[in-house]
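In what follows, chain A forms one complex with chain B and a second complex with chain C.
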Partner chain A sequence: MIGLLNALLLVIIAMVLVYATRHYLFTLVRMFLPANDLYCDLDDAQWPTVTVQIPAHNEEDVIGHCLDSLLAAAYPPGRLLLMPVNDRSDDRTGEIIDRYAAEHPGCVVPFHRAAGKPGKAAALKDALEHVDSEILIVFDADYTPSRTLIKRLVAPFFDPEIGAVMGRVVPLNAGTNLLTRLLEIERSGGYQVDQQARMQLGLVPQYGGTTGGVRVSALKEIGGWHDDTLAEDTDLTYRLLLAGWKTAYQNRAECYEEVPETWRMRIRQIQRWAKGHNQVLWRHLFALMRSRRVSFREKLDGVFLLGVYLVAPVLAIGWILVIVLFYLGQTLFAEAVFLTLCIFVYGSLGNFAAFFELAAASHLDRRRDNARLLPLVMLSFVVSMVAVTRAICSAGLDWLSRRELVWHKTARFRR
Partner chain B sequence: MSWLLWLGLLVAANAALFLLPLLPALAEWRRRSLPLHIPFDDEAGIIYFADRFRQRLAADWGNALLFAPAAGPSTAMVPIGQSLHAIAAQLPTPVRRQYRIAEAGEVVKGVPRLGTAEQPTLIGDVVRLAVNTHYVGEIYARDRLHALGGNVIRAVLCDGAIELDRGCGVLRWAHGRSIVVAEGSRAMGRLSAIETIAVGQGCSFERLSAPVLWFGGSATKPPASPASKAGRTLVAADFPDAGIEYQPGSSRWLCDGDLAIPDDSVIDGSLVVRGRLRIGARSRIHGSLKAHGEIVIATDCRIDGAVFADGAISIAERCQLNGPLASAGHVMLGDDCVVGRPGRPTSVVAPTITVGRCTCHGVTWARRNGRTTP
Partner chain C sequence: MDSDVAPALPIEDPLFDILRRRGYRGTPILVHRALAWERVRRSTILGAILAALAFNLLLLALAAPLMQAWAAVLEFWLAPLVPSVQVGLLPRPLLPGWSLALPELALGAGAPTGVQWLNTLLGAIVLLLASLLLPPRARPLAYLLRLAAIIQLSANLYFYLFPSLYPHSLRSHVTGLFSGAFILMLLTPWIHALTYYPFDHRWARKLALTMLTLLLFAVYAPVSLALHGWLIHQASLVVQPVLYVLFGYPIDIFLLICLYGWGMSWKR
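For the complex of A and B:
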């Protein structure tokens, strides 16, 4: 029994260390290698036609700001169409959208959806039928895009290999409370280091569902949006990859967003992400490993990316195992030198690799003061770990009981 | 009672020991924080600095710097309103001291080398800089700036023509209606023009933007369209050993290794190659090109779309490229090539760029160094 637990712990340690190595590699790449971006400096070109969709479900507080920002976008006239997707709203969202459409005929063309399956993916799927442009860009309704953001997001599509583009989101309400400060650091690590390093290394940057775009011909080629997933963005990333399309990340295509201001909302958000992401894992893992269109390094990174929401429960099991083994009389300092060494490496490097990445991201963003908050990130880390573990258990139960996954909208705080 | 006190003290001491390392974090938490600054859009724009300088001039000089095109076919600009001296006389002394007015016909002498003196903003209708002198203050010329050779200037705004004679250097930016950079000059930073920029042979440059960019001498005549020659339209099946997959939905060829397109070929679609790509002479591509290795395009080709390579891009003579051109390595543009079209500008972007005697429409941006061939 003890031997079995030891073996399980070693497997967990190996897995955590692999992810730790990945964190360190990405961080070092971002710290020391120049970002040689092919697309960010394309100033002049014959820009393709673009439709910007803004899925909005009860977004009366924020939809106007988003449309105002997009109407000021620096993009050639006649080549940009705004399509707010009013998804079953029962507040004033539809009325506000119609007012903009009346004030900007030919520029704002609303899509009203009164019935149908709930969720962003389902709304986007229905709205896609009305898109006849070359590029589709999606913003959430609480986003305030800058003037040149559309061009920055569209530039990579000149490359015939690119199927989707992801920009960077920056929390607008970062200073509201401790949670928003911690989320700012996490977002910084996720985009400034993780996504950008994956872009630089030719791996698998992830399309994030908002502040991003997709080539309409590629989207139609792979069957459009899937509305049976909670993570239509990750699902799209992998389906494009399997069809021979790449996703590009644009670190300078930045856009403000709202992050959750309450822990309750944050937990719901991360549980939705975890469920959706793991759904994609089961759907695409084996196809990815078998694919002949995907290179070995992309497969490797793609598998690690798919497994990212499994790390939290695995880490929790690892911690429990270490304690259990200790009380079962496993002396770590004499008999099991190798295991002891592994546990120390796991404890000192494995558990904290993500923190190293966050510190590096704060440095790269010239927000070095944020690094002082790193000890408090542990709080967010533990909350996420518990939330993700619960989400995985809940998803397992849903699967056993054949219950459909339900999409929950993230609440807005701006007025 | 005493043991309770000791227990309380022990707990307090332990709590203090635990919290002590967290003090910086707690202090940072209490500090007011603003969202991460997203740079303003226009900061990256090529005429950002020129615009800011113009705003400063407008604030200091008001309408004195307004000008208008001269009547008739001439492109010369004529000032509106009072002379610069008349306006200067009305300026507050601290503002007036920031400027030096170049007299009509004066050849302004700068300093013999950089860093030897602070220099005021030089302002005039026609500004001429003496040979082999440096001027590190900003320069505004209403009608014309003429650097007579061997000059180094930091920043210049001109509403007419900027002429930089042999061996001149621009350190930060220059913006004018047209710019001529003579042989052996160095145009660092941003050069932008409303009409044309002509860069002579043996020059180095970084970021150039104008509707027409002439490199290496006089205007390049656009090459005769290779489309007039009847080429053979190829399909993926013509390359049975190349491991090509054709995706009809997006008209893409996906090739898993190197690919060489023979001379006189026509391809209807885009090529994505995970190796090196070679396009034979007189070929025409109705689409874009992407290679993970280098791309070599032989003479007299025409590419309708974009060209992207993780390696170098080498383009031989008389090619026409209508889309953006971007490389993570080096771009070599041969003589008589044309990139973009009048009214349809595009971009050439790479860390290093070497251009022959050719024409580009739009932006040419060498992040580290661009050169025209001697």
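For the complex of A and C:
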């Protein structure tokens, strides 16, 4: 029995070690190899037609800012269409959108959705029927895109193998409180290092559902948006990959977003991501491993990426095992293993970005002061571990009771 | 006329590259953060390995006096509090083929009495209730308090069910954590070699950070374990699990990250 528990703990440590090594290698690549911006010099071209969709469910506080920013975008006239998707709003969102449509005829074409399945994926699925451009770009309503962002996101599509493009998301409200500062560090690690390293290594950069675009022909080829998932973005990344399309990451295509300002909202967000991500895991894991179109390195990275939200509950089990072994008197073994676990647990903080990755990201972003907050990322890690573990338990119960997953919108703080 | 004009700079001239990166009033034009990266030289990698090795050799050479100093610090803090305390050095295998005389604490601490058991149980319940009363903005703290309370409650349950089977003692607790602290000190230069030395800080700073971290551990380990020893002596072994799981290695690593984060924030 004790031998079995020891073996299980060793397996858990090996798993954490693999993830820590993966983050370490990503950071080395990002930090010490030239970052390729393959499409940065593209300026004078026959730019494709683009539809920008902004799914909005009760977004009266922020939708105007987003539309103002997009109307100022530098893109050839007549080739950019803004399509705010008013998804069953019962505040002034629809009214604001209609006002913009009236002021900018031909430029802003709203799509009002009064009924139907709730959730962003369902709204995008319905709105896709009205898209006849070559490229579709999606922004959440709280985003404020810069003038050149659309071109930066569209440029990679000149490469015929690219099916989707993802840009970098930067918190707008980073200075509000401790949580937003921690999220700034976490986002910085996730995009500046993790996504960019995957792009540099030819792995699987992830389409993140906003500040990103998708080739409409590729999207239609794989069956459009799936509205039965909480993570339509991850689902899309894997369906495109399995169909032979590549996803590109554009580190230079930065866009500001609002990050949650309360732990309650943050926990909800993580739980939604965890449930959605694990849903995608069960759907695509075996297809990915069997696929002949996907290269070995993409498969490996794809599997690791699919497994990120399993690390938290596995770590929780690891901690429980340490305590059980402690009571069973496994001092010598447990001490060595516990010390290792402690070292690597800290190496898998927050959204599973190693502290080295976070420090490197702060360094690259020239926000060195942020590195002083590294020890406090532990708080975010504790919350993530609890939230993800709860989400997985709740998803299991949902599956047993055949209950449908429910989409919870992230609250906005800007007025 | 032509003779007044300076000849065009050949594009392969290194000066051309320097001028290309000069901006307003000669200030450098920074590469956009999306494209920023750093060159790491072979000498940096070699230096990192040599520095880590040198720190390890230094630590191994100073191991015996360090353990004596740790034992002296333990005695310094505990002797006035518990006059019956005895501190010695006990050889213990640390690395394959190498053992070290680690500080050993001889201090009375056994299974909890009824009062000690009840007090710690009440303490755990109070912690649990306090975690429920904390405002939402203190959610991480609430989770940590709950974790501490759950571990304490598990210890109370263990001592309620099998008080005579508890496999640990105050002596093993202190000696074990001392050995862990020393192993962590041996690992620290390698952790820095892998995660700090490759950055563009000056070598003096890199070495200073490792030195500071080692000094912190050297001071913190005996002081914290003196406190552990006193707490376990006062409250019995029922508080040992929570001290070991939450206030042992996790705090050591937390301190390591604190100094690492500070070192990473240093300007060029």
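The criterion applied here is as follows: the second predicted complex is superposed on the first by the 394 of 415 C-alpha atoms of A that agree within 3 Å, B and C clash if a C-alpha of one lies under 4 Å from a C-alpha of the other, contacts with A are read in each partner's own complex, and residues count from 1 in each chain.
The working rule: a contact is a pair of C-beta atoms (placed from the backbone, for glycine too) under 8 Å apart; a residue touches a chain by one contact, two chains touch by 3 or more.
Please read all numbers here as calculations on a predicted model, not as lab measurements.
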item: Which of chain B and chain C A:E254 touches, first, second, both or neither; value: both
item: First, second, both or neither for A:A218, with chain B first and chain C second; value: first
item: Which of chain B and chain C A:R372 touches, first, second, both or neither; value: both
item: Touching partner for A:M31 - first (chain B), second (chain C), both, neither; value: second
item: First, second, both or neither for A:V154, with chain B first and chain C second; value: neither
item: First (chain B), second (chain C), both or neither touched by A:L328; value: second
item: Touching partner for A:G244 - first (chain B), second (chain C), both, neither; value: first
item: First, second, both or neither for A:L364, with chain B first and chain C second; value: second
item: First (chain B), second (chain C), both or neither touched by A:N173; value: first
item: Touching both chain B and chain C, residues of chain A; value: 252, 254, 365, 369-370, 372-375
item: In the complex with chain A, residue positions of chain B that touch it; value: 21-22, 24-25, 27-29, 31-36, 38, 40-42, 44, 46, 209, 245, 247, 249-250, 252, 254, 270-272, 274, 287-290, 305-306, 308, 310, 322-324, 326-328, 340, 344-347, 349, 351, 362-363, 365, 367
item: Residues of chain C that touch chain A when the two form their complex; value: 30, 32-40, 136-137, 139-141, 143-144, 147, 151, 154, 158, 167-168, 172, 176, 179-180, 183-184, 187, 191, 194-195, 198-199, 241, 244-245, 249-250, 252-254, 256-258, 260-262, 264-267
item: Contact footprint of chain C on chain A as seen in their complex; value: 24, 28, 30-35, 37, 40, 168, 177, 192, 196, 251-252, 254, 262-264, 267, 319, 322-323, 326-329, 331, 335, 338-339, 342-343, 346, 355-356, 359-360, 362-366, 368-375, 378-380, 382-383, 386
item: Of chain A, residues touching chain B in the complex; value: 36, 38-39, 41-46, 74, 146-148, 158-161, 170-175, 178, 181, 184, 188, 202, 215, 217-218, 220-221, 243-244, 252, 254-256, 293, 295, 365, 367, 369-370, 372-376
